[in-house]
Structure formats: structure tokens, C-alpha cells
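In what comes next, subunit A is part of two complexes: it sits with subunit B in the first one and with subunit C in the second one.
And then the complex of A and B:
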């Protein structure tokens, strides 16, 4: 038996392109006669455009056009909705301004510098109205829609009757995805009803679908290219107004138009993790058995769309607790619409839940890890179903051992080294293990190479690499002879890369299509090659690009088989999706994070010293890229815990730190050595590979591990992210008092 | 040069750039008048073309070993010149403000943010971009180490990380993982591949080919 390719730390198949500058991201394409666009954005946060003067801009050198609601080509799809319906921002439909930074015009010129300069010459007058950007001040406007109904099992607010209780408010500021690649698009109408797009997207098919709905042109007339995406973390899960604006400008001037937005505009045009306020209340018996949890969350949304995510989802099933009730509400503000940001709502919810469990553990005088194990949910208490696989306890054990949990002194502020306060904290995370529907084509050529095609995306995890490994295992073809092609709307359907589901969804289709291909080859051999006449497809051995009879007496290579039959290629297409197993089992991935922190007693600066993250994500397809995903999630989690916070000046409804110098994402020196471990046990039900998702759980729960470690180090509980030094400053005064 | 520093050279009320543009537009109109029939003058496009000639400056650069005589607007950054006019798109724009390092290139062997310098300021300099790092098909050891250690995910910051890493090694700032973390902190990686980037650089530093 050959060593399987899955489970190996194979180098990325597109690594060479990425290290040589050969990987083409959307903005790297340069169609002939391409024009450049720049946006003019609203400087008010609520009101209407009174007038737009474009005279100066149009007179500037090289300017082709200035497009706004006054002269934009019609978007047929807008007519299906009424203004005021919550259908998102319909760019250039009318003169309404809903948020600061909303695009009011797009300027097109023959160089980028000319477009940017001309945009500064567009003069816009507004009729300003009162805006609201402060969630706390807008709580009276909180509402629920039918996607966010209250949940309860058992008795409502049962925690109140418990002998030991904890109740507290946790807040998370607005965070911005901020992938390195700036958003934008290249749009080119090659005929009045034929559109080519180079896009930054997590799903070319969904872009195609959106454009088809809006512009009412045939699907096959819309070509979307998106082979390389410079990170997204959720912000490229939809088509944004800036992309429609560019498509409209391109329609008007009938040339390819490229728009790349600025880092500042990344804060207002492509979504964000909404700021939120959560109240968690929980009660337990004196020996630590949870009796009730109440979780109430409020988050913000835009005036024109209800954005919802799984903030309270984890609370419903994470612990074996008989009484749980949750409530989730939205406050509409003069802001653009949020979008799922890595770990989406669960990352938000887990900060509150996993901090609260930690707080309760100190009240109970039970080790926080022990308290979690004590309340471990062996079956899903929300759906009353068994888990398809759950190795959370193993993950706890691995993590505790590797960080040295047992050697910590459980008392807060009891440990010091090198003049620093030392703290250990831990937390857990979970996210649904999904499997969608995807189609993959397999083309085996007479030179023995296999090409797989699917309209999947790769925003960084290494999709093509994992797919090649899966295909190699099924077919017995060497990985260097297999190519997986993605990011083209002309390929068979695959869903967006989101919700940690790509390996599960597209990998299953790869597995299925490869099995179908082998069957096709087997039938060809059985019908055409005498030595194979007496056998069946099931009995044939598939190894090293050959078909081998069960007695190993006869072999034929794929090349020989196709060449004998004068076939240039064999092509098979298969569609794959899950079945009834999802109704019988609850499917989740789990993660455990342990952090060791140093807190400087005089300044309150927190430095993370060591991280151990453990994932129960089923069978790991590529241990190298999977580890990279985990450390990436941890780095995102460090930002969430310690540095990231987009700050609004509510007087103007405008961000004050909308750049990388002031909105601090972690840099290299902010990150400690990170140890990643995988339980690496197959999930028997979810898909042929036995793999669950990884991208979200890498981050979910992490911020709480840091917050819990900071409490252990200092005795100060920070419930308001990020944990900046100012929030720990009173340790300085206590330090002086004890000195 | 000293004249520019005199207080009297501070422009009056009108924006300096705008005044200059007005002048150029007028002067180019005068030129056009001398060169072309009046009808052509009416075509704004023609005026723009002439204006463009006036607005450009010559600059000589050696890019990836190739000597180039170029004519660029003074306001064009080195980054935008490389990407938009020379089709060297390996160098990336992440912020345009020198805050992220995605646009890192070497100028005379030193790493700089190409978004923070104007192309015309680099007269006579040798520029190396990610496209010029490998020796034909033979990758630079840092490029190989990045593949081996998976020093990236999406790959967008990678050209800048690699150019920075090569310089970091040359500068003698790769003595320890801690030193590398400090001297590579001008290059943001939002995918969070830092641990792998440090391992890749350490690997090259130690001359090893181990995984």
C-alpha cells in the first residue's frame, strides 16, 4: 500500500507563482486600453446630495467621464425593488446618503494619477440630516427580524436561582477585515450585453449570479476571473456597490475600467465585523454543574440591510446545560453593511461565553479547564442529536500538556518572571462543519496528466494543493501530474469559499469525480484490453497512473490505455453533496486555545509569550497548509484580543484611525512562537475524506484565552476588547500601593 | 535649490499644483496654436496629449538589470510606475502610505517602500523587484525557503516579505528569531504567516535546506 498523499505536508502547488510575483491578482491584469477609476465619497453621514459639479473634473487632463446618480446607466435589477426596501445600497440609484464614505461619483481617466486628481475636483453639495453612529445611544432602536428569533430550552433565566452565579457585559469594537489586497474590480463590456470581470471574490459563480440579476443579461455572457485573491476573511463574500459603480462606468465609456480603492475606503466600502454588546449570565451548582445560561447580544447594522450572524449560536450547544435562552438584536446606524469576518458571529459570541465560564470558575474555585470538562456536552443539547465526531476532550488534554497547564498557580496575580506578571489562560471554540454542493470536471489526457476544474476560490488556505492531494489518493496518479484549476466562472459550479467548507464541499466532489474517472477507465480496459476482460472495476488496482489486475500480472498505464484507443482525453464530470447524515448527526469542528502572557506591571502592556492551539477538525488533508491556517487564525485572534479597534468620531460619523498605522493589525514582532496540534481523527460521516472545517475555529475563542490569561496575570478582568494598556493601568496604582 | 526655500516662493492663495496646471494648460494651448489648425484646438483630447508631454520628465533607471530611459509625470510613485507602466505587477499596493510593506523593492540594494518614493527621485538608481530576484529558473534561496516553510497563505504580501527578507539577511539583522521579528515588522501579513516567515529566514541564515 502506497503512503497516502492526504495528511502529508505537501508544498503548495502555486507556491512558485506566489514567490516570484507571477501570481496575478485582479488588479494585475491589464486589458488593452484600460482606463482607471477613482471614487468620490460622501463627507456627510446622513442626508441627500443637493448638487454635483463636475465641470472642473471633466476639464482635467485625460478624464473620460464622471458618473453619478445624475447620469449613470440604468440598472434593470433595481426596478424589481422599491427604494426604502432593505435591499442593500443601490449605488447611483438616487441622491440619498446613508453613511459616511458612501460613493457618490466615480471618475474615469486614462491614468490612475489623473483619475485620483480629477476626483478631488468634483464638488458635491449636501443637504445634511442628523446621523446616528453610536450603538449605545441607539439601543431604543434595537429590533429583531425573523432570522434572529429568541431561543430557549428548559426554564428561561434559570441561572438566577443557582447557588453560584455570574453575570456581566462584554463588548467588542468594530473590526475591519483589512486583507492586504485592496478591493476593487476591472470591468469590461465587450458588447452591450457581454461583460468580463477581473474580481476580488470568494466565489466567481455568486458574482455571476448577482450581476445577472442586476443587469439582466444571460449568465453565459458574464465571465468572472478570480484565480488569485489577496486575502479576504469574509469581505469578498458579496458584490459591493463599488464594483457596481465600476461596471456602470465601464458601460458608459465602453472601455475596460479598473478601480482599486484606498486603504481608508476599505473601512467604509467592504464590510466589517459589527461592534457588539453582549450580556452573559450563568448559574451553577456549588460543585460546578451549569444550571442555566442567558445570552443577550446586540450588534449594529446599516440602515438598508439587516446583517445577522451566529453571535449566540455557540451558547446553545457548547455546554451540557438544561436551561438556556438567547436573544439577539440589531441596532441600525448610519454605517455601511457589515459582513462576516473570520469566525463570524461565533468569534464574537465565544469571547463572551468563554470569558464568562472563566469568571464563573474563579467564583466556584474550580479550575477553568476542569469546569469545561465537567460540563462537556457529549451529545448536542440544542438539537438532541449525537455529534458526528467530537474530540474536544482530547484537544483539551493535548493543549494543557503542551502549555504546562498543571504547573500554573491557579491564584490570580500569583506568578512572576523577569519582573513581569505571568498569566495562563485557555478557551474553546466551535463552528459548524458544513458540506455544500459542488461540481468538478476531470480531464485525463493521453499524456497521463489529470486536470480538475471547478469554479472554487482560494483566498489563501491552499485549495488547489489540498484538491491535488485528494485526487492523487483516489486515482493513484502522482501529484505532480495533477492540476486543479479554480477561480473561473466558466468552470463547473462551486459555492463561495466561506464557512470553512471548501475542503468538505469541493474535496468531496473531487473524490467523487476521481472515482467516476477510474470507473470510466476500468470499463474502457475491460471492454478493449483482453487481459482485463474477466475483471470488474472494483477488482482493479489503481496505482502510479496504471490499472493493474488483481493478481498483479497485467498492468496498463493511463497513457497506453488512451493512446491504444486513440483517445486524446477522457472527461468525466460529477456533482457531489451530502445526504441524510446531516439529519442524524450534529456536525461541528472544535478548537482549544491556550495562551501564556506577560503583563508589564508598570505600563499594563500585554505580550503573548507562547500559544498552543489544538484543533479537532477531522482528518487533516495537508498538515503544512492546515498549520498555516491555524497560526493565521491565532494572529487574527491576537489582533482581536490586543489591538484591533476601528474608532468612530460620532460627531461626524467618520473613522479616525482608518489606516494601517492607526488601526493596528498584528505585525511580526507582536506574535510569539505558536504550537499547533491536530487531533487528526477522521469524522466518519461528514464526507469521504473525514475532514471538518478549520479556517474559523482557528480564531474562534482565541480572544477569550488571552483575556483569561490577562486576568490570571493581573487579577483584572477586561470585558471590553481590545485589551489595551490603559485598561490595565490601575495595576500600576495597586502595584504602588503594595510596594 | 536655495531659492525654493525662500519664504517668497510659498504660493499665494491659489493651490500651487492647480496654478501650475493652469499654466501648463495655457502654455500647451499656445503650443497647439502654433502647431495645429484651430479646429484641433477644440478637441480637448489633443490639448491633453500636449499637456501630458509638458508634464512629463525624463528619468533613467536600471530595473532588474535592464537600463531604461523613461518619461514620467513627477507625481508618479515608483510603485505605480512599476505596476501600471512597466507591467511589473509582482510588487503590490497594500496601503500606498508606507504602512504595510507590500510594495518593498530594493534600490541600490537597500529595501524601500516603493509607494513612498517618486519615480523621478530614483534617477540613475538600480531597482530590483521580485521579478528580478531569481536567477532565471533558479529561485533565490529565500524564495525557496518561503515555499518550503509555507511563508504565506494568500501570497499578496509575499513579494514584499521576500524582498524585505533578502535585505534583512544582507543587513545582518537575521541573527535570531527575535531580531528577525523586529526587522520584518514593516511587512504586514494579514493571513498571519509570521511564524513560517521567521522559520524561512532562519533556515536561509543557517544555510540549511531542512524543512
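And then the complex of A and C:
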């Protein structure tokens, strides 16, 4: 048996293309006669457009058109809905303004610079109305969406009766995905009902579906290309109004139009992690058994859509606690709609839950890691099902050992190093291990190469690489002869890349289609090659691109088999999805994060010194790309913990730090040595590879590990992210100034 | 960005002449600030005068004085042997600024002339007296976490964002400028202004004048120096508060000392009273604490920057201690 390809740290199949500039991202495409667009965006937060004067803009050099609600081509799909219902923002449908930064017009010119300049010449008058962008001030408008009903098991608010209790409020500011690559699209109507799009998307098929619904043209007339995506973190999980605006402009001027939005516009046009306020209350017996948890969350949404995510999800099943109740409410504000941002709601929820567990541990005088193990849920207390696999305890153990947890003095503010306060903190994270439905085609050519196609996406994790490894293991074909193609709507269906499910979903379909392909080849050999006449597909050995009889006496290569039959290729398509196992087991990935921090005793500056993150994500398909995934998640977590916060001036409803200089994503200097470990044990039920998801758990829980470490270092609990120096300053004793 | 014309004069005189003919014109050096201002519609020059051809790239020793041409790049200046050995405070301050990529483009003159990072100044749909006199100050009733605690006015509470300038103020540098009427010299501490009633003016350079060089006189500060920059992330962030300290200690007595702060005022903020209080004293924590108390007296804070007073108090002591023990 050859060494399996899965589990190896294989280099990215498209790595060279990416680092040499060979990878074409959406904005790199140049259909003939392409025009350039720029958006004019609202400077008020609520009201209506009174007038738009385009005279000056239209007179500027190179300008083709200015498209707005006054002159945009109709969107047939709008008719299915009533204006004012929660339909999302229906761009250019009418003159309503719901939020600051909402696009009010799109200017098209023959160069980008001219479009941008002309956009600055469009004069918009508004009838302004009172706006609301402050969640705290809007609590009276909080409501519950039907998707997110109250949950309870056991007794409601049982924590109140416990001998040891903790209750506190945790807040997380609005965060923006801010991938390097800006959002945008190239739209090209090649005929009045045929549309080609070069998109930045996490799912070409869902773009196709949305456009089909809105423009009512046949699905096969809509082609979406998105082979390379320069990061997304969730912001490209849907079609945004900016894309519809571009499609409308292209329709109107009958030329291909490209729009790439600005960094500032990334804050208002492509979603964000909604700011939230969470109250967690918990009680335990004196010896540390949890008796009740109450988790109440409030987060913001737009006026025209209810955005919900799994903020309270983790609380329901993470700990073996008999009484749990949760509530999740939304406050509609004059803001654009949020969208899942890496780790989505679970990252938000875990900050509160895992901070609260830490706080409780100090009240109980029990080591926070010990407290978690004491309350470990061996089975899922929410659904009353066994877990398909759960190696969380092993992950705790690995992490504790690698960071040196045992040498931690449990007392807050008890450890120092080179004049710095030292703290160790830890936390856990979890996210559903999903498996959706996907279809993959496999084309084996008579030259022995295998091409796999599916409309999957790769926003960075290395999708194609993992798929090649999975295919190599099933087929016995060498990885360098396998190509996995994605990001084309003409390929068979795959869902969006989201929820850490691509390896599970698309990988399963790759596995299935490769098995189907082998069967096809076996049948070919059995019916056509004398030496194989007596055998069955199950008995054949598949190795190195050959079919080998069980006695190893006869071999035939794929090339020879196809060439003998004069077949240029064999093509097989298979659809794959999970079955009954999801009803029998609860499926989750788990992560554990440990952080060691330094806090400067005089300035309150926190610097993370060492991170250990451990994932229980089933079998790891590619240890190299998986490690990169984990590090990426950790960097996102550092931002969440220490630096990221999009700040609004509520008087205007405008962001005041909407650029890379002032919205602080972590830089290299903020990122300490990060050790990543995998439990790397197969999940027996989830899918053929035994792999659970990884992308979200890399971040989920991380912020709490840092804030717990900061508490350990300083004795100060910061419940309001991010932990900037000013929040630790009031604790600093000025006698303590150190060099 | 609006359409503009572009010239690249070869001589100082040609550059100054070009400016005299066109009032909306701007000099462009590294462009790292000016281009952002143009893209945001804050500055709309009809002409750019690219000064990169001018012979202002020299770093040389004139007697005991260090002469730094206005076009010397921030990264070259920080790495220069004379600067590292004779003026290490300047080198440290430069390296604390921006990012490597920006320092590779940014010039000494441009750094001095960079505008505030006040967000209201950059957003043309919000009020700002500095950008548009009499439109109101967005920051005073708005988000002002990054704003000034010293020397502000009711018209503007912006800070000057430079790190380099804090060190140059501490080192008593002199600015050399050239204009239609010839050359003049401006003490560095008089170069930048407080906002007062004219927040639109950042400094005392006349519109048609060009910075040609900065000179640093001889000083004894090669050992006991510290540039402490407290910021929200480890690199590539503007100072919440920064402190430049240079002292000369012998026989456990501070013979000579300079202290300046960044991130707290509309100009690099020298602390003459604290300097006076420490001159002739022993470098002890108690004395440093007293100096920090003196230095932060009279700080005026706003809704979100109250922490800066405490941070300044702590940071001054930390920087003094660090310099003393260096």
C-alpha cells in the first residue's frame, strides 16, 4: 500500500500561479471595450433622494452614463416583492435611503480615473430624516426573528439559585472583513438576455441563482467566472447591491462594465460582523459543576433584512449543564446588512461564554482548564445525541502541555518577566461540522490525466489542493496528473464556500466520483480485457494509474485501457450528500486556544508572546494548508481581541476609521510564534475522509483566550473588545512605571 | 481626484517660480500623504510640482551641525551612520513611524508637512474647520480618542501625527526654507503652529516657500535616549502618545535634558517646565514622577481621550527611566 496523499503537507497546486501573478482575479479580466464604474454613495443615513444633478458629471471627459433610480433599466425580479418589505436593499428601485454609504448612482466612463472624478461631480440633494445607528440607544426596538426563538432546557434562570454565580455583560464592536482584494464585478451582457460575470464570490452557483431570480433570464444564459478570490472571510457569500448596480449599468450602456469599490466602501457595502451585547449568567456548585447558564444576546441588523447567526449556539451544548436558556434579539438600525464573518456568530458567542467560564473559575478557585474538563459534555446535551467524534479533552491536554500551563501561577497579576506582567489564558471553540450536497465530474483522458470539475470556490484555504489529494488516494493516480477546476458556473453544482464545509461537502463528492470512475474503468477492463474477465471491480487493485488483478499478475494502465478502446476520455459525474448519520449523531469540530501575553504595566499595551491552538477537526487532509488556515484564523482572532473596531459617529451615521490606517487589522509585529496542533483523528461518520471543518474554529474562542490571559496578567477583566491600551490604563499603578 | 497638470522643475528657483504662478499648486515629494488627500477630495491642486529632481537629497556634516536635505527619505535617514551614532533619538523616532514601505517613499520635508489624521478632516461630508474654515469641528462633539490634550482651541483639537518631528523638536533642530524673497531659518519648535483661530494653518511656512533642509546642532545626547511610542497595534499605527527623551547624565546628575511628546498637540510638544525641573537633579523615579506631574498639568481632555492624560503621565516616566538606564 502506498503512502496516502491525504494527511501530507502537499504544496498548493495553484501556489506558483498566485505568487507569480499568473492567477487571474476578477478585476484582472478585460473584455473588449470594457468601461469603468464608480459609485456615488449616500452621505445621509436615513431619508430620501430629493434630486440628482448629473449635468457636470455627464460633461466630464470620457463619461458614458450616470445610472440611478431615475433611469436604471428595470429589474424584473423586484416586481415579485413590495417595496418596503424586508427584501434586502433593492438598489435603484426607489429614492429611499436606509443607511449612510448606500449607493445612489453609478457613473460609467472609459477609464477608472475618469469614472471616479465624474462620480465626485454628481450632486445629490436629500430629504433627511432622523436616523438611528446606536444599538444601546435603540434597545427599545429590539425584536426576535422567527429563525432564532428562545431556547431552554431544564429550569429557566436556574443559575440564580447556585451557590457560586457569575453574571456580566460582554460587548463586541462592529468588525469588517477587510480582505486585501476589494469587492466588485465585471458585468458583460453579450446579448439582451445573456450575461457574463467575472465575480468575487464564495459561490458562483448562488450568484447565478440570484441573478436569474432578479433578471428572469434562463439560468444557462448566466455565466459566472470566479476562479481566484483574494480573500473574503464571508463578505462574498451573497450578491450585493453594488454588483446589481454594475449589471444594470452594463445593461444600460450595452458594454462590459467593471466596478472595483474603494476601501472606504468596503465598510458599508459588503456586510460586517454586527456589533453585539451579550449577557451571560452562570451558576455552579461549590465544587464546580455548572447548574445553570443564561445567555442573552442582542446584535444589530439593517432596516430591510433580519440578519441572524449562531451567537447563542455554543452555549446550548458546550457544557454538560442541566439548565440552559438563551435569547437572541435584533436591533434594526440605519446600517447596511451584516454578513457572516469568519467564525460568525459562534466567534461572538464564544467570547462571552468562554470569558464567563474563566471568570467563574476564579470565583470557584478552580483552574479554568479544570473547570472546563469538569463540565465536559460527553454527549450533546442540546440534542441528546452522541457526538460523531469529540476529542476536545485531548486537545486541552496537548495545548496545556505545549504552552506550559502547569507552570502558570493561578493568582492574577502574580507573574512578571522583563518588567512585563505575564498572563496565560485559554478558551475553547466549536462549530458545526457540516456536509452539504455537491456534484463533481471526473474526466479521465487517454493520456492518463484526470480532471475534476465542480462549481466550488477557493477563497484561500487551498480547496483544489485538498481535492487533488482526496482524488489521488481514491484513484491511485499521481497528484501531478490530477487537476481540480473550480469557480465556473458551468461546472456541476457546489454550494458556497462557507461554514467550513468545503472539504466535507465537495471532498465527499470527489471521493464518490472517483470511486464511480474506478468502477467504470473496472467494468471496461472486465468486459474488454481478457485477463480481467474473471474478476469483479472490488477485487481489482488501483495503483499508480493502473488496474491490477488481485493476483498482481496482470496490469493495465489507464492510458492503455482507453487507447485500446479508442476512447479519448471517460467521464463520470456523481452527486454526494450526507445520509441518516446526521440524525444519529451531533457533528462538531472543536478548538482550544492558549495564549501567553505580556502587558506593559505603565502603558497597558498588550503583546501576545506565544499562541498554541489545537484543533479537533477529524482527519486533516493537508497538514500544511490546514496549519495556514489555523494561523489565519488566529490572526483574525488577534484582531478581534486587541485591535479591530469600526467606529461610527452616530451624529452622522458615518464611520470614522474606514481605512487600513485607522481600522487596525493585526500586522506581523502583532503576530507572535503560533504553534498549531491537530488531534488528527478520523470522524467515523461525517464523510468518507473523516474530516470535519477547520476554517471557523481557528478563530472561534480565540479572543477569550487573550482576554483571559490579560486578566491573569493584570487582574483586570476587559469585557468590551478590543483590548486597547486605554482600557487597561486605569488599573495601572503609576508607581509601577518600568523601563 | 480632480484633473491636474504636472511639472518637474530642475532647480529650486524654477520650483518656487512654478508655485508663485499658481495658487492651488502643491509640491509633491513622496506623495504618501498628498495622494491620499487628493483622492479624498481634501486637497484639489490644479498643478503638482514634483520636487524630486531638486538637489535636496544630501546628508552631510557641516562642522558639528548635521545637515539633512528635505528630500532625504525617512528610511535612508534612519539608517544613516551619522544619525545612528550621533542622533540615535532621531533614528528611533523615524523607525517608529508608519511602515517600511511608507518610510521608503516619505521625505523629511513631506513628513514635516503631513496633515493631521483627524478623520473629520479627511471626510468631506463632515464638518471640519481645518479643511473648511467655519464649518465647525467634527471632533469636538464627536469621536476624539486620538485628539489633542495640550494647546488645542475651540476651533480644532487635531494632533500633528509625525514621529520624526517629535525627535527634531527635542533636538532643537532648525528648518531651512527658500521662497521668492530668498532663504530663511525657522527654529523647529516654531515651525508648527497651534490651531487657535486659524486651524487651517498647520505651520508657519508661507504658501510659496519650500523646505530645503533641516539642521541639527551638536548635542551630547548619544547614550541616554528613548523614543517611546504607545499605539494600538505593534506597528503601522499612529501614536496614542509618544515621548522623546534625551539626557546627558554624569555623576548621577542630569546635566542637560530634552523631552518632547507626540500625539498630544497640534505640534510636537516640548516640555520645557519638566526639563527645567529635572536639570541638575538625580535620575530617580521620584524626580521623574514629579516631572511627569508637571508635564501633564493643564491637560484638557474630551469625551474619548481622557486616558491620554494618564497615559502621558505614565509614558513620560517610563521613557525617562528607560533613557536613564540606557
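Basically, the second predicted complex is superposed on the first by the 733 of 739 C-alpha atoms of A that agree within 3 Å, B and C clash if a C-alpha of one lies under 4 Å from a C-alpha of the other, contacts with A are read in each partner's own complex, and residues count from 1 in each chain.
Everything that follows uses one rule, which is that a residue touches a chain if its C-beta (ideal position, glycine included) is under 8 Å from a C-beta of that chain, and two chains touch if they have at least 3 such contacts.
In this text, all values refer to a predicted model and were calculated from it rather than measured experimentally.
With both structures placed on the common chain, the touch criterion links A:228 to subunit B but leaves subunit C unconnected. By the touch criterion defined above, A:11 reaches subunit B but does not reach subunit C.
In the superposed pair of complexes, A:652 makes contact with subunit C only, with no contact to subunit B. Within the superposed three-chain model, A:20 lies in touch with subunit B and out of touch with subunit C [touch as defined at top]. When both complexes are overlaid on chain A, the residue A:726 reaches subunit C alone and has no touch with subunit B. By the document's definition of touching, both partners, subunit B and subunit C, reach A:113. In the superposition on chain A, contact is made by A:667 with both subunit B and subunit C.
Look at A:377: by the touch rule set out above, it reaches neither subunit B nor subunit C.
In the superposition on chain A, A:70 makes contact with neither subunit B nor subunit C. Within subunit A, the residues touched by subunit B in the first complex and by subunit C in the second are 61, 113, 661, 666-670. The touching residues of subunit B, when paired with subunit A in their complex, are 21, 25, 44, 47-48, 51-52, 55, 73, 75-76, 80, 83-84, 87-97, 99-100, 102, 129-131, 133-134, 139, 143-144, 146-148, 150, 152-159, 162, 177, 180-182, 184-198, 211. Per the touch definition, subunit A reaches subunit C in the complex via residues 43, 61, 113, 116-117, 120, 600, 602-605, 607, 642-643, 647, 649, 651-652, 654, 656-657, 661-662, 664, 666-670, 724-726, 729-730, 732, 734, 737-739. Listed in rising order, the residues of subunit A touching subunit B in the complex are 9, 11-12, 14-25, 27-28, 30, 36, 59-62, 111-113, 178-182, 228-233, 260, 262-263, 459-462, 624-625, 627-629, 631-636, 659-661, 665-671, 673-674. Listing the residues of subunit C that touch subunit A in their complex gives 1-3, 41, 99, 117, 119-120, 123, 125-126, 138, 141-143, 145, 228, 230-238, 240, 285, 288-289, 307, 310-311, 313-315, 317-318, 321-322, 325.
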